[in-house]
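Each structure below appears as structure tokens.
Shared chain: subunit A. Partners: subunit B in the first complex, subunit C in the second.
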Partner chain A sequence: MIAEFGLASLWLAASLAALQLVAAWLGQREGGETLARVVRPAAVVQALLCGLAFLMLLWVFARTDLSVLLVAENSHSEKPMIFKIAGAWGNHEGSMLLWVSIMALAGGLIALIEHRLPERTMLATLGAQAFVGLGFYAFLLFASNPFARLAVPPAEGNGLNPLLQDIGLAMHPPTLYMGYVGLSIAFSFAVGALLTRNVTPEFAKVMRPWILGAWIFLTLGITAGSYWAYYELGWGGWWFWDPVENASLMPWLAATALLHSASVLASRDALRTWTIMLGVIAFSMSMIGTFLVRSGILTSVHAFAVDPTRGSFILALLAINIGGALALFAVRAGTIAEGERFAPLSREGALVINNVALSAVLGIVLLGTLYPLITEAFGLRVSVGPPYFNPVSAVFVFPMLLVLAVGPLLRWRRDRFVRIKAPVVAIAGAGVAVLLVMWLIAGLALLPLLGVSLAAVVAVAAFLPLRGRSLRRLPLPVWGMAIAHFGVAVALFGMSVDTAFTAEKLTAAGVGDTIAVGPWQVRLSAVEPVAGPNWTALQGRLSASYEGGAEHLLTPQSRTFWAPPQTTSESALLTRWNGQLYTVVGGATEDGRWQLRLWWKPFVTFIWFGGALIALGGLLALIGRVTGDVRRRIATRKIAARHAEVAR
Partner chain B sequence: MSAGFKPKHQRLVLVILALVAILAAGALAAWALKNQASYFYIPSEIVAHPPAADRAVRLGGMVKAGSLKTAPDGVTMHFLVDDGKGQVPVTFAGIAPDLFKEGSGVVAEGHMVAGTFVADNLLAKHDENYVPRELKDMSEHQAKQTVEQTK
Partner chain C sequence: MKGVRWSLWVLAAFAALVGLFALQLSRPKNDTVQSAMIGQAVPPFALDAAVPERPGLATADLADGTPHLLNVFASWCVPCAAEAPQLAALERQGAPIVAVAVRDRPEDLEVFFQRYGNPFSRVGKDDLSRVQFLIGSAGVPETFVVDGKGVIRHQHIGEIRPEDVPDLLRRLEEARG
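Showing the complex of A and B:
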């Protein structure tokens, strides 16, 4: 009954989306005011219904209702409750329903609260949101029904991939989806602005909190995904340039560019068409990412749908949405009036370089990700990995970081170099000093060397815009910028130092043996069997001491799950302020020793701290913008009330 | 330069800047892809035309039954990868994936050094749902190869 209820809600939500689209379309015409009034309520009710459908799915998963196909295929009655619920989106159909629900909720929210733009533009925006939404509703209802029933329920479900039975991972898809789908709002606003030829600073201000919100979630999602891959896969790496990782990186790059160009548009009324273009591209990247990941074109733990009709369906959706938006852009871009001008040496100039560099990196990642697909069409099998991505993106990222250091010091519109000479010399000095020290003493390779030096440059530069200003009166968005830029430096420092100084030891050890790795002495004191709720494991007991200090216990495991049957390595980590000891236990050798893989990874945690700082910076900026908007709204209302009083 | 651009010229300058950057990025990417993409080989191909030692490639085939030996250090493995028409010795130091065993398929990433494939990484079947793409299509790929060679 619950599944049918969910399905009915979904159908109703889809029909409301259709109503929303038609009403927004016809409401634009003369005499369409009555229809136009339907659009906002339709968006809100659609959001509620879609949310309801998603709750119903959670419910059938929580009860392990095995008569629902999706539950039978992906769940198991002996799973912990949290993974039963998380299992709802740990599969293709459920994750698509999550996608559509977030999209509907975001659309409902703008319909409810956004009143600053001309109503015509809002109608067009909500119409665009409904159009994109309809495509995904159709995909769910016709090609991926999450509520399909089984005629004969099985006695037990298939279980969830053990790799996915992890709390961090349970939260990973919703986080990323908030980011992906949040960008759909920017997309719809861009389409709405193009349709009504209304690109103003006000438009950028309305769009900005949405971009910021989506961007924060993307940042968190990517950071968490990287940490998950790091500790769960047991390979000791934190970024593999896996197509799935790239699929989340590409929207992030586009959203980062969009965030910066929207701030130019909001503050200075420049970069109008460019901002619109980025709005279209950012969500297009989200959709391309979804297509790559979900279509089964790329093989990975994330590829659920190996059904070719689904792949073609998503491809068609992609072509309609992206192609349509780009065609609209091509037709309308010329009619958007030129914005304000600015000198090359100005805040805008620096942000233009930031945008161009981010777009170039986006292009590089996109090309590298698609290249294997392209060559495969010609019968050539290749894979593209770090030897391509690292140096080629560094060519654009490193200069961009230099601009990141200097840009925030510049004034809007035009500036003179003399004015910023002193701080620039200080920044450059810090960079060169670190470069020389690292080069002469540590003899680093080129990329880590440049990385560490640039991290110093950006770290120093991040807080320079705050100098000479009253810290207590500093607006939150400025704090946000400083902290996010500092986060970039922290993450870059972690990446470079880890790449340069990681110590690795791979060996087979007998019980009682001691192994040295970096500054650590690690003793294998025992190997014992342990059991969990749905697995058994061989667990190594390792005593580790840092430079002869106190001993710490680490217990890496080699786990065997029975539903579905599979073995995974559970790494054990020991975190110090200056790095992590990473241990993995493998199998037994013929002579009774145990395979051990140990890493000392100095400052590796800074990578994720940096990511968290970037997200925190975004959050501060978002809070600053939203409270600013609310305050302004209250003020306008007060003024209006006073006017009314005076008039009386 | 001054802020004396006419608006139209400024837009033009920006467009040209963006185009140049995108072309540069594209050219660089194309050049790097040509040199850095790692090609997929099967044993008979890699024996006939061994790639340069500094070039990262992928090798796919079956782990030949009875060929798997572990070195005295307990972590270095030697085995033969076979495609029915040729075989190549592979060495790998590390913890092998759980489903890596004799007689089953494997994709190895690494370099060809003096007639031996030195693997940095082994990809094996993770579970029923996660099969490296090269592995899943291997038989079909081999069939195509055979057809091409007998033509």
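Showing the complex of A and C:
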């Protein structure tokens, strides 16, 4: 019954989305005021119903109801409860339902609280939101029903991919979807603004918290995903330029550009058409990413739920939504009045360069990701890897970081170089000093060398905008900017130092052998069998000592899951402030020794600290913006109340 | 109207993208990479020796009338170490094995061979993965059955497990006939 209840809620939610779309459309016409009043309640009820459907799916997974096809395929009665629940979205159908649910909830939320824009624009926005939502409902109901039943339930489920039985990964898809959905809201706002020709700073202010929220979640999602790949796959790398990773990076790049251009629009009423365009592009990147991952047209190490029919469905949605928005843009862009003008040397000017550079990197990543598809269309099978992505994106990222260092020091509209000469000299000095030291002493390769120097430049520059201001009265968004920019420096430092100084040992060791890797001495003291809830493993006991200091115990495992049968290596990591010791144990060799892979990765953790700092900066900015909005709202209400009192 | 013109370009690019996606989707997807080179002659190449004690590898060495196993490997690859006993077993049973070492260093190879043995009569040095791509190999380890005329008959992707040994011997025998 629960599954049928869920399916019914989903159908009802879909029909409410249809109502929301039609009412928003007809409500724009003369005499449509009654219909227009239906739109907001429809959005709210749609959100409740869709949320209900998702709860029902969680319920069937929690009970391991094997008569539901999706549960039988992806779950197992002996899995730990947390992974049973996570199993609900660890598959194609469930994750699409999660996506639609978050999207409906976000739509319901704007319908409930957002009253700052003209009602016509809001109607168009909610209509666009319903339109996008309807596509996904159709996808779920016609091509990926999560509640489909089995006539004869099996005795036991298929289990969940053991690689996915990990708490970090359980949280990974929801995080990314929050990001994607936030961008879908930005998209709807952009379409609403285009339809009603209402591109104003107010529009950017309304849109901004959603972009910020999406951007925070995307940042966290990418950071967490990178850490997951790092410790779970056992390859010791943190970024592989894999299509799936690129699929999450591209929306982030677009969202970063959008965030900055929306700031310009909100503060200065410039970059109007460009912001709208980025709003469309950012969401299209989310959809292209989803398409690439789900359709299976690109071969990826972690592709799941690959099915060409689903691919066609997503492609159709992509073509309709994005194609429609771009066509609308082509028709309407000419009618949007030009925004405020600004001099090249100004805050706006720097942000334009930032936008161009981010878009260029986006183009590079997109091209590199699609390259195998393009060549395959001509009968070749070639893919490009780090040798393409690293230097080519660096060409744009490095100048962009220089602009990032200087931009926040500039004034809006027009500035003179003389005014910011002192801080620029300080920043440049820091960069050149680090560059020389690293070059002469450490003899780094070009990219890491530039990376470390730029990290120094950005780190110093991040806090310069705070100079001469009262730190206690500084608005939260400015703190957010400084911390996020500092996070970029921290992450860049981690990437460059790890690339330059990683020490690696791949060896076969007998019990009692000691291996040196970097400053570590690692002794294999035993290999023993251990058993978990749904796996057995061979566990190595390693004693590691840093520069002859105290011994630490590490226990990497080579795990064998039995449902489904699969072997994974569980790396063991030892974290110091200045890096991580990364150990993996493999199988036995013929002569009774054990394969060991050891890495000493200096400052590698800074990559993810940096990511977390960037997200924290975003969060501060978001809190600042939202509390500001709330305070303003309360103030207006008070004034209105006072007016009413006076009138009485 | 300037805005309109560049947005048309974006629209056109998007349409091309959708077209590309549709084209790829409409084709039957073939994930079995090996089919591409099966039945084809090994393209001409000549690789220098990767280690001093064994000669390098060229196309002519493969088309010498006897079938070979061609192993694509690297010392930095863990599954390659895992398949070493199986390669040794194949060699003991009379299979001629030649190898391409991908992106490797002589000193690392020496250590690898000391540890796991060297069942290869020839080891070519493929520093740019050029030959690897020529013969249609996507990763390490992979093992090809090449007949006496230098035509690829079979491709085994991933490490050779003990249960794969009889199959490879059988395919080698078939390549003889």
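By definition in this document, the second predicted complex is superposed on the first by the 640 of 648 C-alpha atoms of A that agree within 3 Å, B and C clash if a C-alpha of one lies under 4 Å from a C-alpha of the other, contacts with A are read in each partner's own complex, and residues count from 1 in each chain.
Simple rule for what comes next: a residue touches a chain if its C-beta (ideal position, glycine included) is under 8 Å from a C-beta of that chain, and two chains touch if they have at least 3 such contacts.
Source: prediction; values computed, not measured.
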Exercise for the section: Mind checking the superposed model to see whether subunit B and subunit C fit together on subunit A or clash? Expected result: clash
Practice task
For A:Phe291, select first, second, both or neither according to whether it touches subunit B, subunit C, the two together, or no partner.
Solution key: second
Practice task
Classify the contacts of A:Ala508 with the two partner chains as first (subunit B alone), second (subunit C alone), both, or neither.
Solution key: both
Practice task
For A:Ile364, decide between first (touching subunit B), second (touching subunit C), both and neither.
Solution key: first
Practice task
Using the touch definition from the top, say if A:Arg414 reaches subunit B (first), subunit C (second), both or neither.
Solution key: first
Exercise for the section: Report the partner of subunit A that touches more of its residues: subunit B or subunit C. Expected result: B
Practice task
Using the superposition on chain A described above, determine whether A:Ala319 touches subunit B (first), subunit C (second), both, or neither.
Solution key: second
Exercise for the section: Classify the contacts of A:Thr568 with the two partner chains as first (subunit B alone), second (subunit C alone), both, or neither. Expected result: first
Practice task
Pick one for A:Val384: touches subunit B only (first), subunit C only (second), both, or neither.
Solution key: first
Problem - Partner chain in contact with A:Ala330 - subunit B first, subunit C second, else both or neither - result: second
Problem - Common interface residues of subunit A - those touching subunit B in one complex and subunit C in the other - result: 299, 381-382, 506, 508, 586-587, 589-590, 595, 597
Handout entry: Footprint of subunit B on subunit A - complex, ascending
Key = 161, 163, 234, 274, 298-301, 338-339, 341-346, 352, 356-357, 359-361, 363-364, 367-368, 371-372, 375, 379-385, 387-388, 391-392, 395-396, 413-414, 506-508, 564, 566-569, 584, 586-587, 589-591, 593, 595, 597
Problem - Residues on subunit A engaged by subunit C in the complex (per definition of touch) - result: 273, 277, 284, 288, 291, 295-297, 299, 308, 311-312, 315, 318-319, 322-323, 326-327, 329-331, 333-334, 336, 370, 373-374, 376-377, 381-382, 506, 508, 586-587, 589-590, 595, 597
Completion exercise
The residues of subunit B that touch subunit A in their complex are 1-3, 5-8, 10-11, 14, 17-18, 21-22, 24-26, 28-30, 32-33, 36-40, 56, 58, 70, 73-75, 93-96, 98-99, 109, 126-134, 136, 141, 144
Practice task
Sort out for me which residues of subunit C touch subunit A in the complex.
Solution key: 1-4, 7-8, 10-11, 14-15, 17-18, 20-25, 29, 31, 33, 36, 75-76, 78, 81-82, 84-85, 115-116, 133
